[in-house]
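Below is one structure, written out as structure tokens; the observations come after it.
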């Protein structure tokens, strides 16, 4: 039984004002508060950088403008390679890898999802492939491909440049990841869509192409772009094969001049390359979220 | 100096050497104190009191070390380190070896060793970040060509200018070609030494210039870098150029006072002839390469 | 009576140990409307899916236009092109416009020219009063409108037989009427339909034959009059009392 006093409604007039401290974070004051905290935190970090006991050394070692410029442009007469030119290698490897990764990733996802008994061995191969290349660290794939394949001494296959082996390593690894992204995307399309398409008499392939994939793409694009950002960065691993890309050029500069500003330059160039893509991806995710919220 | 890198033909130590002030071999060093005063003062400047802590990379390669064991006293650099210790009155048992990867040996911040001995070439740019000792080994560049090719016989200074050279980027060999040989055809630059070697193998270039020990390796039957269709080595070391001042120095934390005492020890080893004796003992295959003029 | 076009004989379907259809036998004639009634889980939907080969049967035979669907030489896609299916949850393709939804079957499955089908599709949309909205995407339509488009999407295939699986169950009560009106309209123009439904009044109006299923068993079948006014079985009577 409910106690009579408990059941009675309050007759006080409630106050809805936030406590004074919390009021600072409401309305227009919030802008002031956020500006203040931003300045404080960034300023604080900057102060640590400026005032640390080794700050001056670190600034010279990593951020010396002269060394940054020198490493960026390189100098043939001084046997220095250019970080800026090195980045071109990262870019072509990334672009080529991206095209192959999309194709192979989709093919692997497709293979894994087929039901035909004839394709059984391919399904098993696809599963083994995914397991292996999602399981081995990219670095090891680079070393195994980069030093193993040339040693096989097969005509054409063993005579490629090291950048090609690096590119192949990236393709092998990222195809496995991207295949999973595609698979998840395809599974995210409601089963009813498949039923509806098949009940119209569309073949399996037409259903995939006209109904499932167009819908899967929407869910697939953000994680796919994230994988591509990661792919862009992993082109830096070409350096361990001795390919003169941005990082390796920075390392050579560092080894020759005992100054790491070239690596900072490489970092900045990578940022310039990835930030547009990260911003674009985040926007896409936000837009998709808004649309979902609006339609429900 | 070196920057360890894998090459296709095998694990070869590449001497990737940079802006060496080849014409001027003056190292910035502290005023050299007397060995006698060093023997008493050394304790106060050591990284670990009473011990001389010496660093090198792992793996440490022959002939600079033997069996990747710096503490066995074998190999040129190991022997030099113990020689310096002896001059400074440090007992052999008080020499401590630590591993220091090349890339971190020059990073800013405190060092974990007294000095690093790792085939590191002195350059003025590098000397802004660390302190170098005086030379304990003068590096010479050598010419590698195909057996029986024209350059093997004809290599007067004038003739040397007429050949097509190729080399790995970032090496002193490349610098030497451009600064001392001045060939008429512009040098071809490759990303790795292996790429340069295969260019030589396929006769796209006439010669590679690289420092004598690495050149010796490339021309040896076991290297497999430049081979004919039967896998037989077809590279030959034509000769080495006189030293132009490129040299290896011991690496110290910037401003380390111990460098002065170590320089005194090196000077003593030079004047007593013991440094030359160590070179004969451990590096004779290199010093025996004939000298040619650029 | 017209010729029999669909013949179910002792159809059995299992999902694992669960037998959901236990020897169903049923005939459907051309221009006939048959309503399947019964509680949820009685096997109505499964029966429809078996006819459309979205499920394979474990026993008995289904014969469509004299051809046994269990024959291994049967192409399921061809069967489906002649048997339209409409689902409880509409399943319109959200990435296609209303018109594209209607066109996709004839164009992609029947390989008819888009220009040939276009006018037909517009006429069908006109019939359900959605001609003006042909370029909009399905999520802009109400549930009733979407379901009507889904029915029209099936009709555009010119099927010999329409299978409808509780097409009003997911709809707001206020939107049920418009969909049922369309079905009534179709029934009057002679569309052959096998309809799983919970709408008893609708079944009484349009069906020539009403079939009551319970637990995968065909308990009773007859004219609407027979089933609704004078059910022979206790379970039929109890079911009808509950839904009334």
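A few remarks follow.
Here the chain labels run A, B and C in written order, and each chain numbers its own residues starting at 1.
In this text, a contact is a pair of C-beta atoms (placed from the backbone, for glycine too) under 8 Å apart; a residue touches a chain by one contact, two chains touch by 3 or more.
Quick caveat: nothing in here was measured; it's all calculated off a predicted structure.
Ranked by separation of Cα centres from subunit B, the top chain is C. The busiest chain interface, judged by C-beta pairs in contact, is A-B.
When chain centres are taken as C-alpha averages, the shortest distance to the whole-protein C-alpha average belongs to A. Mean C-alpha positions place subunit A and subunit C at a centre distance of 47 Å. One finds 86 Å separating the Cα centroids of subunit B and subunit C.
Inter-chain centre distance (subunit A to subunit B, centres taken as mean C-alpha positions): 41 Å. For subunit A, the set of residues that touch two or more other chains is empty.
For subunit C, the set of residues touching two or more other chains is empty. Of all the residues in subunit A, the ones that touch subunit B in their complex are 54, 57-58, 60-61, 76-81, 147, 150-151, 161-162, 241-244, 251-252, 254-260. Residues 1, 3, 5-8, 16-19, 102-103, 106-109, 123, 125-126, 128-130, 169-172, 174-175, 178, 189, 191-192, 195 of subunit B touch subunit A in their complex.
By the touch criterion stated above, subunit A contacts subunit C in their complex at residues 190, 192-193, 195-203, 206, 210-211, 214-215, 218, 295.
Residues 52, 54, 76-85, 87, 89, 91-95, 104-105, 108-110, 139, 150, 153-154, 157 of subunit C touch subunit A in their complex.
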